[in-house]
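Take a look at the structures below.
First chain A sits with chain B, and in the next complex the same chain sits with chain C.
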Partner chain A sequence: MYLLTMSAPMMSFMLTLTHKEKIKTTTMQTLACSMIFFSWMNSSIMLYECMMNDTHCQTKIWNWMKTEHMECKISLHMDLLSSSMLFMVTSMSLFVHMYSTEYMKNDPHKHRFMSYLSLFTFFMLLMMSSNNYILLLMGWEGVGICSYLLMNFWYTRMQANKSGMKAIMMNRMGDIALLMSTMMMMNKFGSTKFENLTHMINNKMQTIMNTISMLLLMGAMGKSSLMGLHVWLPDAMEGPTPMSALMHAATMVTAGIFLLMRSSSILEESKMSLTITAWMGATTAFFAATMGTSQNDMKRMMAYSTCSQLGYMALAMGISKYSISLLHLMNHAFFKSLLFLGAGITMHTIKNEQDIRKLSSLMKQTPMTYMGLMTASLTMTGTPFLTAYFSKDQMMENSYKNSMLYWLATITAALTALYSTRLMYFSFTKKPQYTHTQKPHTTSEKDILMNSMIMMLTLMSISTGYMTYTMLTQQQHPLITQKLILTPLMCSMTTSMLMTTLYTNNNLHNKTTLTTLWKNFNSNAWNFNTFYNNMIGEKMLTLAHYQTYKHSDKGILEKIINNNLTNIMMHNSQNISKFQSTKMTQHLLTMILFYSSFTMHIKSQKLNNSVLFWKNTGCSFKSCLGQTMKHNSLMPQFAKLKIVK
Partner chain B sequence: MENKENLMYKIMTTSLIMTSMLMTTFKNWMILYITMELLTMTTLLLMSLNSKNAQSKEGSMKYLMLSAISSTMLITGMLLTSYQHNSQNMMLKTLLSSNNNMMLTMILFKLGSAPFHIWVTDMYEATKTMNLPLIILIPKMAIISTLMTFETSNNILLMSGILSTTMGAMGAMNQKKMKRLLAYSSINNMGIMIMGLHMYTLPSMQAIMMHMMIYTTTLTIMLMTLHHTYYKKQLTSETFQNDKSNHTHKIIISTLLLSLSGLPPFPGFLSKWLIMSSTMKQQLMLTSTWMLMTNIPSTAYYLYTMMYSYFKTIMSTTKTMTENNMNNNNKYKMAILTFPILSTLIHPQLMLMPTWTVSTKMMNVPSNNKSPNNKIYINTHTQSKN
Partner chain C sequence: MNLMQMMMSPIITLIMMTLMPKDKKRMMENMSTLSSILILMQTMYLHMDNNHQIKAITLLFSSNTETNNMTMTTHQLCMDTLSTSLMMLTSMLMLTSMLMSKKTMYHTHKKLFMCLFTITMTLFLTLTTSSLMMFYIMFESSMMPLMMMMGLWGSRKEKTRATYYFLLYTMMGSLPLFITILIMNNKLGTFNTTTLQNMEIHTHTQQQLFMGLFLAFAMKTPLIPWHSWLPLAHVEAPAMGSVLLAGMLLKLGTYGFIRFTTPMLTNLSKYTSPMMMIMSMLSMWLASINSLRQNDMKRMMAYSSMAHMGMITAACFSMNPMSKKGAMMLMLSHGLTSSALFALVSFLYERHKSRLMKNFQGMSYTTPMLSTLIMMTTLAHMSTPGSMNFMGEYLCLLGLWELHPSMTMTSTMGMMMSTAYLLLLYIQITSSKPTTYTKYKMYDLSLNETQAILTLTMPNMTLGLMPYPMM
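The block that comes next holds the complex of A and B.
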């Protein structure tokens, strides 16, 4: 069953990739969806097993390789963490697969899109259910590749290409950090299996532990777009919307968080990196929320909100509340994918327009989507008893120990309310600034499948929180002042009310220079891109061009290798070819020469018992080229021979 | 008439295979000599099937002369040793451990490793492409397996290995003909295998077996594909010219060439890596460095070959050969050979396990003894030195 869960998406990928012409498109889409559905069924059974029956299991699939200095098995590990992640991934993937059959209806490359989605699901499942870091790294890389492919799905668009390149560059840093930490683990502990890495600490190992966990954090930063390596996420919205919903909202970006949760036993050993994780999370949450307030592009806004929620998750891990982080992760997947899928419908209604200033009063045209998006926004702001409330509130309460973190998180909650109100107001309730020249489509939500998706996700984002909360965590609330419990809620409520009143009264037009500056600063994403480009990218490029390229590559290496060495090689090989002549005498001569010399060689060896070759005694290696015929090893045989005589 | 020739061909091939199998089983020098002579004869017959070709005549003549000389060498060596030992019973093991290199050189000649490699290229050109795998690969496998049975940590092997890798790498640099290029590449690969043999540890034996399996299959597929490719002058540039009919050939040959050059997702990487790592385990750093260094030019000419198929403009598109094209049946055969060999790295244990068992059998060690400090993992000659 575990294998079937994994292999169903892979099979779907293979089918959709190879049978492009042979199977009808709609059949293919149904097939892919049913495969994913099958996988989802399996993973829900698994979730039941792990969650209700409290079991966990490891399955060895095959011995990948076993030589005398290396042994690697491919085996799966199912426990509460991985099974809940699997459930989340497969259900999101199912929703997105079904949604995209309708969404990509007019695209000529439906096959490619479906196959990439399935491949992505496969790699994600592989990553979630691996039992060592090597297999995890495999899934990690595969997910990265799929993300790049899907981001670049419309590869004729320049902007999509750029964003794909950016994503792969930024992700590479995280990948390399993860690879380095894996190698370090192999080197220091001799194993990368998760269970073997618990309680590895002794007093000498503190620095190693610190380094490993910092590298892991770096890896998580890349994939989960925490502050510093986050710049790729907003640009990743160039791809098709279903893919953004699946990868850059619900599943792929949580891979980094998953990694940190998996390596919790290592992280717990190093207090330094825990503190750094917490601060990183809080600052990411805050600054992404500030950027979200001043974006005009709908999807970018949502991307920043994802970034901010990921920051929350990191914060929860930094204060050692991994289960809360997992809870938030699962809840986040549901409401964020609802936001994205709803945004997809909204965009389709008005000619793929993403700028929220140009969208207005969509409430009448897309009531269903409005309902869904409203629920998602309310959930995101942390309205009581909706999904996110359970995890977010817990997180806030737990972070009270460090009051700085608490206040930062509270301000972020207020900002979250701000940008989600802004989004809802501008795109749905605001009166249009222009008069309609033609009658707008009243029936843009004509597809039943899409509507049912939205309905289902709406219901889920209302209800899942309660279920997951009761099942995943039975944590007690920490002791804090009673007034503080309602603070985040009050903050967000006041902010959204304030915003609504301000927007309706049109009081925001009198801008001061300070607000303009602040707004520019925010809408430029705190100038991170500018900084990276001007300070790092350009400097590196100039250095590479003038030093590496001009001096060493085109200078020294060209002189030595291309002009001299290659000529010598070619000349010599010509000589060797001449050696292969047609003259029989020459051949015979060489044969006899070598035969005699080789035979003579034994004679000399017998006399001296020494090596003929470059014997490097000063070398630290034992012997350099050949193995010596040792005197002792030959002696007994000679002795025997003499006896025979 | 046609029938008769067909029958003759079948007899020849079966005798070749039978002799090769016989060779692996016997432990006596005399019978080894006889089987080798039989091999030479059948090989000559198979080469001269292509009798209208002048090159074929030249190649078979060369092979006859040179192998005659080497056979005399073998006989002389046997005589000398029987004189030394004063016994007629000449078992394989006893003889080679007393360092009689005359016989070893003969075996090296048969393997086609430098400096006794001169016949190899001519042989490749002389024979029909269809018969080449039979002539080249099957006897080689048999001889290598006999060579594996006796413990020869002999410097001759190392010398020959180094020379072969160099010769195979350098010789094909300016080569224009496809078959000659393949011949040089086979010399290069043989050198790598001989270097592994020189180590004579259990991992290196396993690595050699792996390399042999992978290399022979790769070369067989390549030769089969070339057999169905139309090229008149046998030039490398010509091989991929028929773009329309050959696109599967193109893909097959270029992937296999990549595999031969030892790039990671392909099985060629695995075998080369195994040999290299067993060399490094013996702490023979210069040897492994040399292997890598000679791998660079060989990779260069593999890539140069592929360049013709993808980056050069096609000279003439008028050539259309229909008779030589593969039919579906052959395509399936090719696929059955190609896919498993290219997907070895998904589950390498499938090949590693049997090779391990075979090499333990050959070296007569219990297979359940897995301590890394065991004698079989590290050759004692090197260890006892320091």
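The block that comes next holds the complex of A and C.
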């Protein structure tokens, strides 16, 4: 059954890719959806088994690497973490598959899109259910490549190519860190299996644990776009919207968080990396929230909000509350994909316009989407008893021990409220400004499939937190005062109220000064991109051209070796050709020379005295050479020739 | 006996080829492809058989040799998994070049096929001999058909210079090798490698021998100061020539390191391993940085293959079994992927008569099959997990980690750069809108060409997932 879950998406990928011409598009789409549905069924059964009946299970498929020292098998591992992730991934991919059958209706490359989505699901499942780090790495890289393929789906656009390149490079950094960490594990413990590692770890090897966990954190940074390697995520929005709903909101970006959860036993051993993770999470959350407030592109804003939510997850990990982090991950998947899918519908209604400044009063055009997006943003801000409340609020409470982190998280919550109200106000409730230029499509919200997806996700984002709350986590309320529990909530509420009042008031003076200041503050995305471009990329390319290629390779090495080689060869060959002139005397001389040396050699052999032989021959050589030189110099014809030249 | 049969089949085809009249081109093509398929099957059978009986050595032609101390029976031709896997690689490359030749070559087919089969023959002999003298002769003569290919089918006038450099560099390296082989015979009394490995060579003599045994292979690999012949040769060689050069002839250098240098001069190669490490790391870094800014696709690929060979040499000299196994796998996988990339570039050249990267745009619109194959091979080449390159590279890096972690750190940066330049290549060629230039001849790969590429990529993928035939 475990294998069936994995193989169904792979099957759909193979079928849709290879039988492009033979299968009709509608049958292809139903086939892909049914395959994913099948694997969703399987995974829900698995979730039941692992959650209710508390089973652990491992199945070996085949041997992979095997040398004298190391052994690595391709085998699957099922427990609470992986089964819940599997359930989440399959349900999200089911939603997105069904959504994209409608969304990509007018695209000529539907086959390709569906096949990539299926492949992505396969790799994701492989990563979630892997047994050891190397197999996890396979799924990890595969997911990255699928994301590149989908990001670059409309490959004729230059911006898409750029973003794809960026994403792959940034991901590769993380991948290499993960690779190094697996190598270190293999070297120190002789295995990369999760189970073995948990048993083998002990407190004594502090530095090793520190380095391993730091490398793992680096890997997580690359994939789930924590601060530093986050630059690819906002640019990844160049791809089609369903794809960004699936990957850059729900599943792929949470892979890093999943990795950290998987290696919780390692992280627990080093306090240093835990604090670094927590700080990384808090700063990422704060930074991404500030960026989210000043974005005008709808999808980029959502991307930054994803980034900040991932920061929250990392923060929860840092204060070693893994189950809360997992809960937040699950919840986040639902409400964030709802946001993206809703954004997709709104974009379709208004001729693919993503700039929120150009949108207005979509509430009347798309009431269903408005409802969905409203629920999602309310959930995101942490309104009580919606899904994110159960995870986010608990996280805040638990982080009170490190008060600085707590305050950062609270500010971030306020900022979250700010940008979500901004989005909602601008695109849905604001009075129409450009009614004549931007006329909305008439065909809006007519697809039953898309609407039902939105409905389903809305219901999910209201209820999942409540349902999974008791299953995934134990009661983990720390002892803090009641005021502090309410502060994040109060903060977010007040900011959203403030924003709405500011926007509805027509007093523009105060507003513009504030916003311009704020926008100037984070106009360049905290200069991460400029740093990477100017400091690393451009320097590297100039180095490649001028230093290594022009100077060393074409300059020094060619001059020293190649030119010298050719010169020596030419020179020597000229000398040899000089030696073979038409003069009879010269030839005679060489003959004499040869014979004399030969006789000397025989003589010396008889005497068995090699030293004497060499001396003699040397002498004879010298005398002969002297004679030839004289002879050459005496030649009148030769001299004439030289003059003529 | 299997080995004997396998040796016979290229010889028989060679003889038949010489007897055939010039104008029967079609028949010659069919015969050569058939025989190359046959050779491939034979080598695969041989490898499986060899792998099945663990580490058993199959032998052929035994003779008596006398050393200074004793007389013993030794064998002239023998093989183990290393040589059989490389032989398999050779026959795969042969099959692809046969399939490629139907489109990319325009004249004198008879000579071409003869060249190819002589190369196969010499490579088979190089990989199976246990006599050092024989190895030297075959090592040198494997260069000759390639030079002929470069001279006859090369496209530009620069080809004479390229062949000249190719010849000079290999000569510069291999003459010391010849002298060291003679010294070895003089001092130890035998050419046989297995006996030489078991002998304890005095450290002073080891020092004398090392230069010769190192230089020839370092020129062939090529390591950093002696590499300038490679890009030239690759650029000037015809499609098949560069496929063979990248696929097999560069591997002879590292094969020499694994087979002769490290086991014979164990102490000295352990002593010099830091120097070798630095050299190979330098060549890896410089080559991969160089290939970031190349215009010519073939030149870029040449530099990239140089970088990967640097990794392999580092693994060879790290002197532990794991990385040695990794080096073996990486040799095989790199032979598969880089030659596939060269073949793909030659297909591009054949369509548009240009190898400059900036001329190509939006090929995934015009030739989708070609671009997907480029995608697959580049992904394998940058060692994505699941391909065989990853397996080899992982084992190599693991071995290097045991030596020192910093070695792994530096070589992973090489991996990073390989991703960068390969992605640049892929994106430049396939993405963006197709121009009028790329739209000019819009035909996708034919069946023959796809087969030619798939013979290289499919084994790579399958062996990456199920590597136990190689382990």
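Here is the rule we use: the second predicted complex is superposed on the first by the 517 of 645 C-alpha atoms of A that agree within 3 Å, B and C clash if a C-alpha of one lies under 4 Å from a C-alpha of the other, contacts with A are read in each partner's own complex, and residues count from 1 in each chain.
The rule is short, and it goes like this: a contact is a pair of C-beta atoms (placed from the backbone, for glycine too) under 8 Å apart; a residue touches a chain by one contact, two chains touch by 3 or more.
What you see is a predicted model, and the numbers here were worked out from it, not measured in a lab.
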item: Which superposed partner A:K66 touches (first chain B, second chain C, both, neither); value: both
item: Partner chain in contact with A:N161 - chain B first, chain C second, else both or neither; value: second
item: Which superposed partner A:I45 touches (first chain B, second chain C, both, neither); value: neither
item: Which of chain B and chain C A:Q574 touches, first, second, both or neither; value: first
item: Partner chain(s) touched by A:M138 [first = chain B, second = chain C, both, neither]; value: second
item: Which of chain B and chain C A:M456 touches, first, second, both or neither; value: neither
item: Contacts of A:F598 with chain B and chain C, given as first, second, both or neither; value: first
item: Partner chain(s) touched by A:L484 [first = chain B, second = chain C, both, neither]; value: neither
item: Shared contact residues on chain A - chain B and chain C; value: 62-69, 569
item: Contact footprint of chain C on chain A as seen in their complex; value: 62-70, 74, 134, 137-138, 140-142, 145, 152, 155-156, 158, 160-161, 164-165, 168-169, 172-173, 176, 179-180, 183-184, 186-187, 540-541, 543-545, 548-549, 552-553, 557-558, 561-562, 565, 569
item: Footprint of chain A on chain C - complex, ascending; value: 165, 168, 172, 225-228, 286, 289-290, 292-294, 321-322, 325, 362, 364-365, 379, 384-386, 391, 394-395, 397-398, 401-402, 405, 408-409, 412, 415-416, 419-420, 423-424, 427, 430-433, 465-468, 471
item: In the complex with chain A, residue positions of chain B that touch it; value: 58, 61-62, 65-66, 69-70, 73, 84-87, 97-102, 104-105, 109, 115-116, 118, 121, 153-156, 158-159, 162, 167, 170-175, 198-199, 202-203, 206, 274, 277, 281-287, 290, 297, 347-349, 352, 372, 377, 379-382, 384-386
item: Chain B-facing residues of chain A, complex; value: 62-69, 569-570, 572-574, 576-577, 580, 582, 584, 587-588, 590-592, 594-595, 598-599, 601-602, 605-606, 611-614, 616, 621-630, 632-634, 637, 641, 644-645
